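Both of the next two complexes hold chain A, though its partner changes from chain B to chain C.
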Partner chain A sequence: MSASFAAKRLGKELQKISNSLPPGIELVSAENFDEWLLDIKVLDNNPLYQNETYRLKFRFGPSYPIEPPEVVFVQLPDRPIPMHPHVYSNGIICLDLLGQQGWSPVQNVESVCMSLQSMLTGNSKNERPPGDEDFVRVNRQRPRDIQFYYHDNDV
Partner chain B sequence: MAKSTHLKDEGNRRFQAGDYVMAEALYSQALIADANNPALYTNRAMARLRLNQWDSAIADCAACLRLAPDSMKAHYSLSQAHLALRAHDDALRHALRAHALCVKAADKSLGTITAHVLKCKKERWDDLEKRRVRETAELEAEVLELMARERAQAVREQGDDEGGRREVDEEWGAKMARLREVFERARPEAERRREVPDWAIDDISFCVMVDPVITKTGKSYERASIVEHLRRQPQDPLTREPLYASELRPNLDLKQACDEFLQQNGWAADW
Partner chain C sequence: MPPPNTPEEGMAADGLQPLYDEPLQTSSSHPSSEMAHASQDESCILKLDYQNIEYIEPIDDTLLCPICKTPFHSPITTACGHTFCAACINRALETQPTCPIDRQPINKTRDYRRLPLIIKDQLDRLQVKCPNRGCDYECSREHLEGHYERRCEFTQVRCPDPTCTKLVARRDAIATKDCMHVDVACEFCDQSMSFPQLTGHYNHECDANFTECPDCNTPVVRHRLVKHRTQDCPEGNTQCKWHTAGCKVVDKRRIVQEHEQSGCSFEVVGRLMQQRVEDRKTIDELAARLTKVELAQSRRRERRIEHSSRAGRSPIASSSRSAHTTTNLPDITLNNNHMPLFPGSAADDSAAGGSAEDYMLARFERLETQLERFERLETQLEQVRQQAREIDTRQSHMILQQATHFSEQLAEIGSKVGVVNMHMSWLMSLQRQSNAQQRAGSAAAGGSSGSGMSHGSGSGGGARPGSSDDSGVRYLGESRRHSEGRPESLHRL
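This part shows the complex of A and B:
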């Protein structure tokens, strides 16, 4: 598939989400078809995430949506990395949906944001994944090249 | 034979390098050495397409199809040349033929061909639409002219009756204004309905479907999209159950519905 395949589909997604996005999701920038930034909020009263906004960075390859996008949380002065047993403190997310096996081409930017929202909503553990410090110190790989072991898919 | 093959390989190298003039010349020399190799004609046709030599590209495709009636490349190149020459019906016919051959051979260019079919449908619609708008404008002008003539005649028939002449003149003037209004109202109407129904859209490429196929779970996708997905992951995109390309079935009713939708809303080919 050519690069224009991804561009065409992203153009259409952009057209759709510029008009309307579900509550708690906001498009920050989408200047090209390589990288988009979105903000998400957790809408219920989960005390772990109340009054916080989180910045997501999407990176798309030429084979999107056949291949998953690369999605990470980005840290800024007013945008922390959410506390979650599947989110490393450098923003890398370990979610089945974003892996080669769990991804499906019918997913899209909006549905990924909604999945991440609900992943945070359903969490009550104020902790990082096991081995977070070591992982963050030694990892130089891009998220898409990491082989995560999805130990508990119900979190 | 060996000489022809050598010339063809050299032509392919020039083509890859973007030197289409040299590639075309080398394919021509190869054809002198071996006039019965269909691939030489399609290769030269591709070079000629790049050089905007539409008529001679068409001649090459025709020569190839005489030797190999089922050449996907010949139908595809032919379609491109016809499209450039704005022969939209021929362009679409050969695009669909190339698509069918591509499906049959499980060829990897299915995505490219599918996009080309959509392009043909779009340009054909644009052309029809332009013609329709022009013809409507012409019809309006023509009817107005007839009415103006009729008015002059009716005014003349009133003879010296100044009041009667003015009355007839105004009456016709009002009729003509109403006619203009009717045409005016008909124009934006055609441009208002600009929404693509969800059933016509492939959930993977987000394009209107050209060749929808249905999965075991009853969901339909564009063939090119789902086949590309299944090549990497033999799984139903919705249920994640095992799914193989051989299990896909054409969804003929949906295909017809999408065809009809595009015929009336050609703009949707790249909404």
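This part shows the complex of A and C:
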């Protein structure tokens, strides 16, 4: 039953998304209600992200939207991982919005994309999170199982 | 010290939220029992799924639950003023006991508010379609549940076989008492499936779904092929639609249609015949109605005859019909021409020796004329009564007028008598005064009294006693009264 709940909600979202999306966000594929791919662009002239497009992968659990979706950047030849102190080089994003505590069921795919857009827009540090190399080497967990500590709110 | 923002350090975050742990556990036990209950219900009938309803008109965004994005179903408003479906907010609170919109803490038992009825009305009025496939019923959302759970022929209900746990559409379930879930083979492909699935299979799934019409070579859904060939196929043989009028054209439908449109020569005749058939139908209808009316009328007459005869000459009415066929035969012959309603039956009856009915009818008619006469008399009586009443009122009016006249005259006389009375008393007092003066002494002779005398005699002939002339006379008697009254009034002031 909860699986169908997620499906119904995603169906509504897909309907809305395929009609209109904010500028800089594009739906790449949404073949099922488990995994969607979207492309985002940073619209202002931030030199870090100019002329780049980033691929986002959403994975929805059966209890979406009560539980947050799993959102990561995906690396492809023409889709790099953006440089950001909250984005690990393997694409995992440390954003409270995507964690158990920060998530809210009123969020949706579109609002997550927009949050990520603005997260990149507001950044001026060309760096990875501290301990990135170790984390990327060690981590085998899925993003939803990782306990992030959201230490700063200004980036 | 591990670097900040690393997963290891995040473990500390667990300890930050001990407050939420307790309500989370208590609330999680409750809904799970609810869920178990719901699943039990589902086995007998599938509940209407409000998130799966198709709305006819686009819904205003403000009526959508922010969690499920469908129009609210049994909504709840939180203390912070946000509204959600009850199921949605309950589920959201299981993982996080805060408002999903502004993250204010929410206590399920304390912070739920009653929803304004105006929103409920708005939701109830939304026009929806029945979610069942095949049903095209539309209604307001308020009524959908009743339709879906009790009336809709396409709602899945339990299989009529009590041992079967599967579901079947309601309209199929009534038809038979046997289990509907025995596999049947599709007659067009190799698949086998249960009966309830068969229609859907034919229309949407069957591999041999489409077949070519042998006449026109277009693909047709196979189980509609017969209908297609007899009614739609442009290459199928058919007759001109005016064949009843004598048109002999028989050809492919395409050609026949052209022939019909270009004007079949039998069309005029055909239309006339059609019209004739329609006319005939209305005539038959009217005739049927007429006989019905006649029957009702005759029945009513009979009843009235019975009634009147019972009241009047009961022996004739109650005795057998044969009795009066002999005794009152002349009546029948006399009154036979007053029976325009049953010309046929009257003739038949008279041929059979005159019937009791005819006699009764005649009697009845006579009674009726008598009744009429009575009625006429009654109206006349009424008229007379009215006239009498009129005269009566006129007379009483006259009397009243005269009486008032009399009373006026009486009043006048009364006043005149009063005047005379006053004159009398005045004269009497004058007399008394003069007597007293005479008694007091002849020596004292008052000029004033003399003048008063002269005055009084002068005014005595006058009509009015209250005129200014006699003020001098009244002075004697009344001045005392005045002087007595004055201190009293002063006192009062």
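We adopt the following convention: the second predicted complex is superposed on the first by the 154 of 155 C-alpha atoms of A that agree within 3 Å, B and C clash if a C-alpha of one lies under 4 Å from a C-alpha of the other, contacts with A are read in each partner's own complex, and residues count from 1 in each chain.
The working rule: a contact is a pair of C-beta atoms (placed from the backbone, for glycine too) under 8 Å apart; a residue touches a chain by one contact, two chains touch by 3 or more.
Since this is a predicted model, take the numbers as computed values, not measurements.
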Fit or clash between chain C and chain B when superposed on chain A: clash
First (chain B), second (chain C), both or neither touched by A:125: neither
Which of chain B and chain C A:135 touches, first, second, both or neither: second
Touched partner set for A:86, first chain B, second chain C, both or neither: second
Touched partner set for A:106, first chain B, second chain C, both or neither: both
If touched residues of chain A are counted for chain B and for chain C, the larger one: C
Partner chain(s) touched by A:146 [first = chain B, second = chain C, both, neither]: second
Touching partner for A:94 - first (chain B), second (chain C), both, neither: second
Clashing chain B stretch [against chain C; choices 4-12, 58-66, 184-192 or 220-228]: 220-228
On chain A, the residue positions that both chain B and chain C contact, one per complex: 1, 5, 8-9, 12-13, 65-67, 100-101, 104-106
In the complex with chain A, residue positions of chain B that touch it: 111-112, 203-207, 225, 228-229, 232-233, 235, 237-238, 240, 271
Of all residues in chain A, those that touch chain C in their complex: 1, 5, 8-9, 12-13, 63, 65-67, 85-86, 94, 100-101, 103-106, 108, 129-131, 134-135, 139, 141, 146-152
Interfacial residue positions of chain C with respect to chain A in the complex: 2-7, 9-14, 17, 35, 51-52, 66-70, 88, 91-92, 94-96, 100-101, 103
Contacting residues of chain A [partner chain B, same complex]: 1-2, 5, 8-9, 12-13, 65-67, 100-101, 104-106
